[in-house]
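So that you can tell them apart, the chains are marked A, B and C in the order they are listed, and the count of residues begins at 1 in each.
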Amino acid sequence: MALLEVRNLCKSFRDSGKAVHAVNGVSFSLEAGTALGLVGESGSGKSTLARLVLRLLEPDAGSIRFNGTNLLDLDFHGMRAQRRWLQIVFQDPFSALNPRMPVHQLLSEPLLNFGLIQSGEARAKASELLALVGLDDSGLFRFPHEFSGGQRQRLCIARALSLQPRLLVLDEPTSGLDVSVQAQLLSLLQRLQKQFGLSYLFISHDLRVVKAVCGQALVLKDGRVVEAGSTRQLFSRPSQAYTRQLVEASKALSLAKF
Amino acid sequence: MSNPDALHYFLGNRLAVCGLALLCLLYLLAGFTFLNDALGHAVVPDPDELRITEKSVLFRETSRRAACALDGSALLAEFPVLSDALAVPGKAFPLPFAGFRLLRQRLAAIGLENLESVNSFVQRFEVVHENKVFELVLFSSENQPPSPTHLFGSDEFGRDVFARVLYASRISLSVGFLAVVIALSLGVLLGCLAGYYGGFLDSVIMRLADVWMSLPGMMLLLTFVALTGANLASTILLIGVLSWPSPARLVRAEVLSLRQREFVEAAKAIGCTQTQIIFRHILPNALAPIIVQATLFLAGAILLESGLSFLGLGVQPPTASWGNMLSNGLSYLRTSPWQAFFPGFMLFLTVLSFNFVAEGLREALDPKRRRGP
Amino acid sequence: MKQVPLLSVKGLSVEFPGLPLQAVRRVSFDVHENECMGLVGESGSGKTVTALAILGLLDPSARITSGEIFFAGEDLRTLPETRRQKIRGHQLAMVFQEPLTAFNPVLSVGEQLSEPLLYHRGLSPWEARQEVLSLLEAVHMPRPRQVFQAFPHQLSGGMRQKAMIAMALSCKPKLLIADEPTSALDVTVQAEILSLLASLRRQFDLSVLFISHDLGIVSRHCSRVAVLRQGEIVEQGKTQTVFSKPRHPYTRALLEAVLR
């Protein structure tokens, strides 16, 4: 049975009277221990989809089965209990961290929320988490704005992993970061996946990034799934016109071979 | 933008630091008055006390011969009937030359009725000379200019102005502080709820705020005072309750923008309850503009209270308040200007300090407003 | 025959007060006529500061401590501001990264595009309108007349960037400085804008100074490249040479990090 099964998910917004169908009948499955890429341009609905899967937004229709449980049947407390296993890393690491909280508080907050540790152990736990993502202890008492973009993203990853979730949704985690920092972050993510047997739902507009991290991928356009399959196949033999467009554009921007 | 960064910037602003230092000093001194009370007015005199010092009665010859000073306490002991006269200090009893008869008449006016008493009075105190002009001045320490014994001088009753200004600061600062606390508690709570939950609750609270803001505050205050009598506690309460819409709107605006920030979504994702999100994540970040406004509002509340006292509708004499000291001192502006000057100056200094601190805070907390690197 | 480069930057150094390290340190490079030169670096490498220094658009607190900037033989640094204003926008144009913030939100696109024409070329409003419409067509803008009336926020990201390119081209500049012109756009739109820039270069005999952190784009569109690191140029030369046989370890590290 798949770890995550999404069937016919729909969400629309009202924009000055007109209904905008951000997500329009999306279905997919994610097997445990794998990484599924969600590729799409702006307006494709990928960020909305990320939030719907975690019920940070309420879907209008459809079902989300996580580990057999239908998340949409749960009330607030039921869902909160499930949140332990479903975590998210956002696109903008600065906006995703409370600017007034020092790092040790940021990292230990999830564990304290669920009562998994005592407040006395918080600092030690935060230290552990920092080491996990390759940052050192000196950061414990600093604030988010004192870190670089790449480091902040590592903090977000550390926070998300603190609860030892099964599924990690990553919403464009490397966009806006430098090339070398991007490479480091992706290799960190791959290492963590192997280490903890995590499953990733990796959202990106960049096909090259998805190809580096994910085995399987979906292509989204205007809230619908255009094509799905293994990333290798999508890249080398895209069957849909839109996918082909994306692959061509991606190739046109990739490093020329000299 | 975080706390340590902002602190450094604030400390670099000299005016703000001076203002803050001054305010701390003021609050300390105001707090010190409580200690003074406990010690029985050991350091600073009781502000309500009429000081009559030893050499407080002067019976002098206005033809500028050497005057002889009389012992006031001895005088009172001999002539208790004079106690009334002495109790109304500041009264001069000029005795123009008209002989003994007139002297007697004047002395009769202050209670020395029969000739024996007058005789014994004048004999006892070696006063009378015929054909001379004498003046019995019940001269306590009233209307003294600033001196080492009276730092700020004394008022028309001989009360030490410094002590009164200090005790008055207690009133003004506590009025300011309490009024702000009331206004903020109401305002921040309502603004936060309105901003976070939105919808119907938001509409209701905001319309209420609109109505509230259209109420003429000063009129209400005056009417209230006229009806219930001037009462410090009710003044504070009313000032506070009248002012909640302003902070509420500010907080609501901040909360509305914060609600969109990803760390609020993240808080939900890591299992925070609604209350935890509001109090742990949203509020601390929404408070920055409030701090500035609260500081300015404090200054405003102090001015408001002083204004009311000045008009006679706030704190009543003999309790000292900068406002009523000012209004009292106005009549003595020509003769003893220090009576009005010092309370006025303290008021000015306090409000100015609050303004400097507020400006410093505003710059420190909002990186965009900072002037230069 | 030795050709005088269109733009020649020699030993440029820029520093900001309060920062210990100079933002730009002794940077020297040339841009020849009809070529696309790439300036590559990560964030903080000083690429944008260099571009702003060339245009004279630096923050007033910044100081150019040394260097010369020759444009068509004139040293831009020693020129009076009036002359620089004439050059800027007319012969030297810039395209920024975020088109939304580069446009005035309360003026229509047409008004903003006409501005340089009215100021630099002294055209009448009607002439300017015709010119702007033809420019919009040259940048393959769909429905040019509608776009003329529209406001910046009503256009999509790609359309805004095209409008900005049209604005930059309006005075027929010799050199276009493009600072990360496609970073904020979708992949397919990026490809479109880049091929548009290439065709415009050929059509208008334009030189481009292309500033980017994206090595892929630079490798495909620039004939020469300079690699910047913390304000210094670590390596420069023909793109083919630099990218196939990088000599500096930083360049090598950068190339390695690029996903293929």
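A few notes on this one:
The rule is simple: a contact is a pair of C-beta atoms (placed from the backbone, for glycine too) under 8 Å apart; a residue touches a chain by one contact, two chains touch by 3 or more.
Since the model is a prediction, treat every value here as computed from it, not as a measurement.
Here the chain at the heart of the structure, going by C-alpha means, is A. Note: the chain lying farthest from chain B is C, by mean C-alpha position. If you average the CA atoms of chain A and of chain B, the two centres end up 59 Å from each other.
Here the spacing of chain B and chain C, counted between their Cα centres, is 63 Å. The geometric centre of chain A is 34 Å away from that of chain C, both derived from CA atoms. For chain A in complex with chain B, the residues that touch the partner chain are 51, 54, 56, 80, 83-84, 86-88, 90-92, 95-100, 109-110, 113-114, 143-146, 156, 159, 163. Interface residues of chain A facing chain C in the complex, by the touch rule stated above, are 41-42, 149, 178-183, 186, 205-209, 211-212, 245-246, 248-250, 252-256, 258.
For chain C in complex with chain A, the residues that touch the partner chain are 42-43, 157, 186-191, 194-195, 213-217, 219-220, 240, 243-244, 253-260.
Of all the residues in chain B, the ones that touch chain A in their complex are 1-5, 261-263, 265-273, 276, 281, 284-285.
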